[in-house]
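Both of the next two complexes hold subunit A, though its partner changes from subunit B to subunit C.
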Partner chain A sequence: MTDLATKPLRRPTGRRRGVTKPSGWWGLAFVAPATIGLGVLYVWPFLSTLVDSFQDVPAFGPATFVGADNYTALVHDPEFWKAFGNSALYTAIALLGVPVAIVLAALIEQVGRGRAIYRVLFFLPVVTLPVAIGMVWRFIYNGDFGLLNTVLSWVGVDGQFWVADPRFTIYAFGVVGIWMGLGINLIILGAGLSAIPKSVYEASALDGAGRVRQFLRITLPLLSPSIFFVTVLTVIGALQMFDLNFIMLRGVNNTALADSKTIVYLFYEKAFVQFHQGYGAAIAVVLLVVIMIATALQFRLQRSWVFYD
Partner chain B sequence: MTDSTVRRGRAQRRWHLHLILAIAAAIMVVPFVWQILTVFKSTAEVTRIPPTILPHGYSLHSFETFFRTVPFWSMFAVSAGALVLRVGGQVIVAALAGYAFARIPFRARGLLLGVFLAMLMVPSQLFLIGQYGLIRDLKLLDTLPALAIPGLFSAFGTFLMRQAFRGMPDDYEEAARLDGANPVQVFWHIMLPMARPTVAALAVLTGLYSWNDLLWPLIVSPSGENRPLSVGLAGLQGQFGTDYPTLMAGAFVCSIPLVAVFLFLQRQFFAGIAGSGIKG
Partner chain C sequence: MKRKWIGAAALVTAVTLLTACSGQSDAAAPGEKVTLTYANWSEDQTPAMQQIADEFQKANPDITIKVQTLPWTEYWSTLQVGAAGGTAPDAFWMLADHFREYAKGGQLLDLSDTVKSNNIDTSVYPKAVTDSYTYDGKLFALPKDFDTNGIWYNKALFDAAGVKYPDDTWTWQDAQDAAKKLTDPAKGVFGIAAPIDGQGGFYNTILQAGGSIINQDGTASDFGSPAGVAGLKFWTDLQAAKASPTLEQLSDTEAVSMFENQKVAMYFSGAYWALRFHNDAALKGKVDVAPLPQGVKRATVTSGIGNAGYAGSKHPAELKKFLAFLGGTKAAEIQAATGTVLPAYKGTQQPWLDSMPEYHLQVFIDAIGYSVPLPVAGNASEWQGLAAQYLSPAWSGKKSVQDAATEYQAAVDKVLAKK
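Presenting the complex of A and B:
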């Protein structure tokens, strides 16, 4: 009985594999372009950046090994700590966009007709050139004739120089960051929401659960894997913020620029404007470590709040 | 409780829902509306305190200034050319590798895949210094290929394509092989067409990054020749200082192409983001 059951099954698969699977050489040929490209343009640059971070690399001439000097200089550089703090603050503000996205995604999910229109409107910033976004918001934040101060003046609030005054710069960036990221977060959360079976809601409605209770007891736990994903992506993206910093602080008075650099802006400035490649490389390595720690920490924390079936 | 009260309650809830969402959507589009309103104003009108909300006339002066002083079409050609090169190249390279990783067993496959995965987790800044050095040494600074070359290869794209090919049934592939098709033919005529939704998603995501990217083009276009729109527009800020109508006209014109593409390919954009969920 077992013989009859297993033999006819086994033979065709064995034959198929022997005759029809292409040889491993084909596999190597197929992955060759991607692998060579990845090796030359990613793996090698990555390793050379690691090495550079222990070197003094002049714009011309050979590099010299300096041990941990770049890192020691980094630790004693107030500009680095300032940038580190700015990036951390910006990331914290960007995270406030996650609950906003959750609520909006849940609302959009309930819309029947017209859902597409909301999705398109919320997605517009994602497909708009970030440079253009920076320019428009810079104008909105303008202290003299910006839209924000005009609107505030209607309700009797004093205007501020939101970008030029370093007390506000990072917060101003944070608002733009939330605005820019919302569209992507809504799509990811929307996909998560549509995967929640409707029967769960119907069952709880029969038990007399209201909308808010359903949101807290059903939507949030069942959506938590997507929320976690969005949170991880938001942190990784926010820690790498560069575009807004570059475009909104060009030509602004020096105190705002000096006080409001992010880690990646500082990296760009050191490595590609001042050509201190070794120092720039050290900043990039620190960024890598910070992102790794932040991500690992979130994976650790998820055990206490992310709900998997 | 009668049927009609239930219905009325539902209609009311829907009304509240639309109100909240409409307010949120209005806040979302305010910057775009403000940008468009500004385009039609004169510089004097914009810098008045307090500024006017609606433009007094519909002057197209800002567009004229923008197109007269900025080589828009050549910047557009650079952006579009880099996008086509990068998207086309990456899709083919990534699909080929993704197919082999998913369906052709070969030596060291697991190890190689591990290297791809590891690179997937490294932030892009870690590659920039080395990539810049290569482009400089190849004497490619300020050229179109420089913008596209690193983006031809993508651990993310390879991985995305691998996932797509992994989920496919064996039958079609085997039937084609029995008919005597070689692996290249099987890949090109049978498997790649079946992966079309993923190819579209990858193409759209890659196009989005390519079009919007600022840091890499900034680094490899030091002289300002062959600048894409992102870098050119950034340069406008210094050039026009407080001529806000012209700045907004530039921001508007440079954003329109991708927004238009998005409006046509909404489904692919959303599928790309939802399926891969990676941020630029």
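Presenting the complex of A and C:
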């Protein structure tokens, strides 16, 4: 009895080891491409950036360790705070795109036959080159000859220099950002909408709920996981905004650039134009932390409004 | 999504810079085929560059030249990452304001011995340009072309306003008066384009006022000095008189486009626009060029592209041969004959003048006599980027020129003070 009582204790462990060991190696082999890819393309660059951020990295030649100097300089750099504010403002505007996308998605869902056409139309900006987008919007926003001001003049409104006047630049970019993000958001929200069972709507209609009530009481709660996902993506994307700055301002010597730099643009400028790679790395690390905090915060807040059935 | 990728790519590239790789190997064995890359940023000039490469290959059948054209917006980051990572093109265009970082960082092939062994007489190049590619007494790039500045003007607009064309007797006052007379708000025509532009604009006027922009040893600027302020005021006065489109207008539609659209009558800029204006059918017979007006004295900044070689090239011997060819008469003549640019090589410029006989292009060559190198001290990319930020308030009249200039100088001097 005592023999039997002790033996089983050992045997299963030995057997488990015997079974799991080979399968573990196989598993590793299977995930290796992804792991190596992630390691080379994400983990290693991230760690190097982190190291860089504590160094003075000249354009060429050896780097020197400077402790937290880059971060101290960052905190005291008005340009950084300005860029931070610009990115925050841009993000806030981009977030307005989420309700727009929800309403549009719900409307498109109502469309019977031509639904695909609308989706394609809204998706076009997503697959268009940012350079082309930048050029088209530069024309639309042009203060002298722009399309927007022409339309405004028909209704007797004075035009503005939407991009060149730093008072408006970020807002003008925000509109482009909403438009650019709409396609992806509509796809995600559209998928979420089609997953809502029709029976729920039918039942509520029997109980006398109107369209608006249905939208507020059924669509929104049942769509909330998709909305949450779209919101998280929008915030991350908006905080990383770079291309509009680069194409619509820098490429054309627009003087509004001085007041309208975003965090990622500032990173680019410091690291690649001014050869301050350590400082640039510090900006990148701070941005990463900001994005992590913003995302974590959203995951915290979602508990109170996202409805999983 | 795209934005995310750019961010990720930027992070990745930011880090790739660390991989300092020194890939230096021996020259190829005789008879072995060697391929060299030659990078530039100009679509317009690529045909001429290709023609030069073809010509070189004819004489050197063992060396193949691959001409690479990168977009201007990507050129410098690609070059920087490539140089640090050991994958830079073998030969490439260099600009004076980027040159120092590359030379200091040991990324460029020292051409001093190439010059000697090929009997290249460097006095054929404008001295100001050769100087800007000299670091520590060594020459790292051979001047390809150069540009000085002049007044591009629209004869039709001058005629319409009854103003005499600019000539070499013009003073600042003449230019200012003409700009005001040429301005016609009803027609949306401005006398001049006055953007915040160093090279075509206030650098020249500061020099003309007797200033120096950056002092001899590169430790301080003089934007806030009386000459500096006078040089800046030349432009802010034109803004105040509404003789120029506003900064916003010039941001939305670049000065050169305004000039091409015949919305501005005068545009102070370089020779590099000649071909563009020449090819513009709408401007036929309407455009010409005159020397910049004189202030206290005559002056223009000059700069030029240099052909440089990568120190990490696998075939330094062949590369030097190619660079020597690029610095020679043949390459210069091809550039001149195609009207591409004003070649730096003295005596090869006539075909360029002849290629566009309707313009008084000799103005740009005569300007070499009073030209000063484009200031590039210290971290030039960094302090040059400050102009729009500090000078905009002066241009728009929100701040006095003196105040803006003093603050601008302080900011530039801070950058210059860094090692």
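By definition in this document, the second predicted complex is superposed on the first by the 264 of 309 C-alpha atoms of A that agree within 3 Å, B and C clash if a C-alpha of one lies under 4 Å from a C-alpha of the other, contacts with A are read in each partner's own complex, and residues count from 1 in each chain.
Just so we're on the same page, a contact is a pair of C-beta atoms (placed from the backbone, for glycine too) under 8 Å apart; a residue touches a chain by one contact, two chains touch by 3 or more.
Fair warning: this is a prediction, and the values are worked out from it, not measured in the lab.
Colleague: Specify the outcome, clash or fit, for subunit B and subunit C once both structures are aligned onto subunit A.
Modeller: clash
Colleague: Name the contact category of A:F145: first (subunit B only), second (subunit C only), both, or neither.
Modeller: Both partners, subunit B and subunit C.
Colleague: Based on the superposed arrangement, let me know which partner A:F275 touches: subunit B (first), subunit C (second), both, or neither?
Modeller: After superposing on A, A:F275 lies in contact with subunit C but is clear of subunit B.
Colleague: Of the two partners subunit B and subunit C, indicate the one touching more residues belonging to subunit A.
Modeller: After superposing on chain A, more of subunit A is contacted by B.
Colleague: Considering only the touch criterion stated at the top, classify A:L41 as touching first (subunit B), second (subunit C), both, or neither.
Modeller: It touches subunit B and subunit C both.
Colleague: A:G97 contacts which: subunit B (first), subunit C (second), both, neither?
Modeller: neither
Colleague: Counting only touches as set out at the top, which of subunit B and subunit C does A:D52 meet: first, second, both, neither?
Modeller: both
Colleague: Mind working out whether A:G174 is in touch with subunit B, subunit C, both or neither, as first, second, both or neither?
Modeller: So A:G174 meets neither subunit B nor subunit C here.
Colleague: Would you check which partner chain A:G237 touches, where first means subunit B only, second means subunit C only, and both and neither mean what they say?
Modeller: In the superposed model, A:G237 contacts both subunit B and subunit C.
Colleague: Based on the superposed arrangement, let me know which partner A:Q110 touches: subunit B (first), subunit C (second), both, or neither?
Modeller: first
Colleague: Could you tell me if A:N253 is touching subunit B, subunit C, both of them or neither one (first, second, both, neither)?
Modeller: Once the two structures are laid over each other on A, A:N253 reaches subunit C alone.
Colleague: Between 7-15, 277-285 or 349-357, which subunit C stretch has C-alpha clashes with subunit B?
Modeller: The stretch that clashes with subunit B is 7-15.
Colleague: Once the two structures are fitted together, what part of subunit A is touched by subunit B and by subunit C alike?
Modeller: 41-42, 44-46, 48-49, 52, 126, 130, 144-145, 184, 236-237, 240, 242-243, 246, 250-251, 264, 267-268, 271-272, 277, 280-281, 284
Colleague: Where on subunit A does subunit C make contact in their complex?
Modeller: Those in contact with subunit C are residues 41-42, 44-46, 48-49, 52, 57-63, 126, 130, 138, 141-146, 161, 163-165, 184, 236-237, 240-243, 246, 250-259, 264, 267-269, 271-277, 280-281, 284.
Colleague: Where on subunit A is subunit B touching in the complex?
Modeller: Residues in contact with subunit B: 16, 20-22, 24-28, 30-31, 33-35, 37-38, 40-46, 48-49, 52, 104, 107-108, 110-112, 114, 116, 118-133, 135-137, 139-140, 144-145, 147, 150, 153, 179, 181-182, 184, 187-188, 190-191, 229-230, 233-234, 236-237, 239-240, 242-243, 246-247, 250-251, 264, 267-268, 271-272, 277, 280-281, 284-285, 287-288, 291-292.
Colleague: Tell me, which parts of subunit C touch subunit A in their complex?
Modeller: So the residues of subunit C touching subunit A come out as 1-4, 6-8, 10-12, 14-18, 20, 73, 76-77, 80, 83-84, 101-102, 104-107, 195-197, 247-254, 379, 381-382, 385, 388-389, 392.
Colleague: Flag every residue of subunit B that touches subunit A in the complex, lowest number first.
Modeller: Counting only subunit B, the residues touching subunit A are 14, 17-18, 20-21, 24-25, 28-32, 34-35, 38, 46-51, 53, 93-94, 96-97, 99-101, 104-107, 109, 112, 115-116, 119, 121-134, 149-150, 152-153, 155, 158, 174, 177-178, 182-183, 187, 208, 211-212, 214-215, 218-219, 229-230, 233-234, 236-238, 241, 244, 247-248, 250-252, 254-255, 258-259, 261-263, 266, 269-270, 273-274, 277-280.
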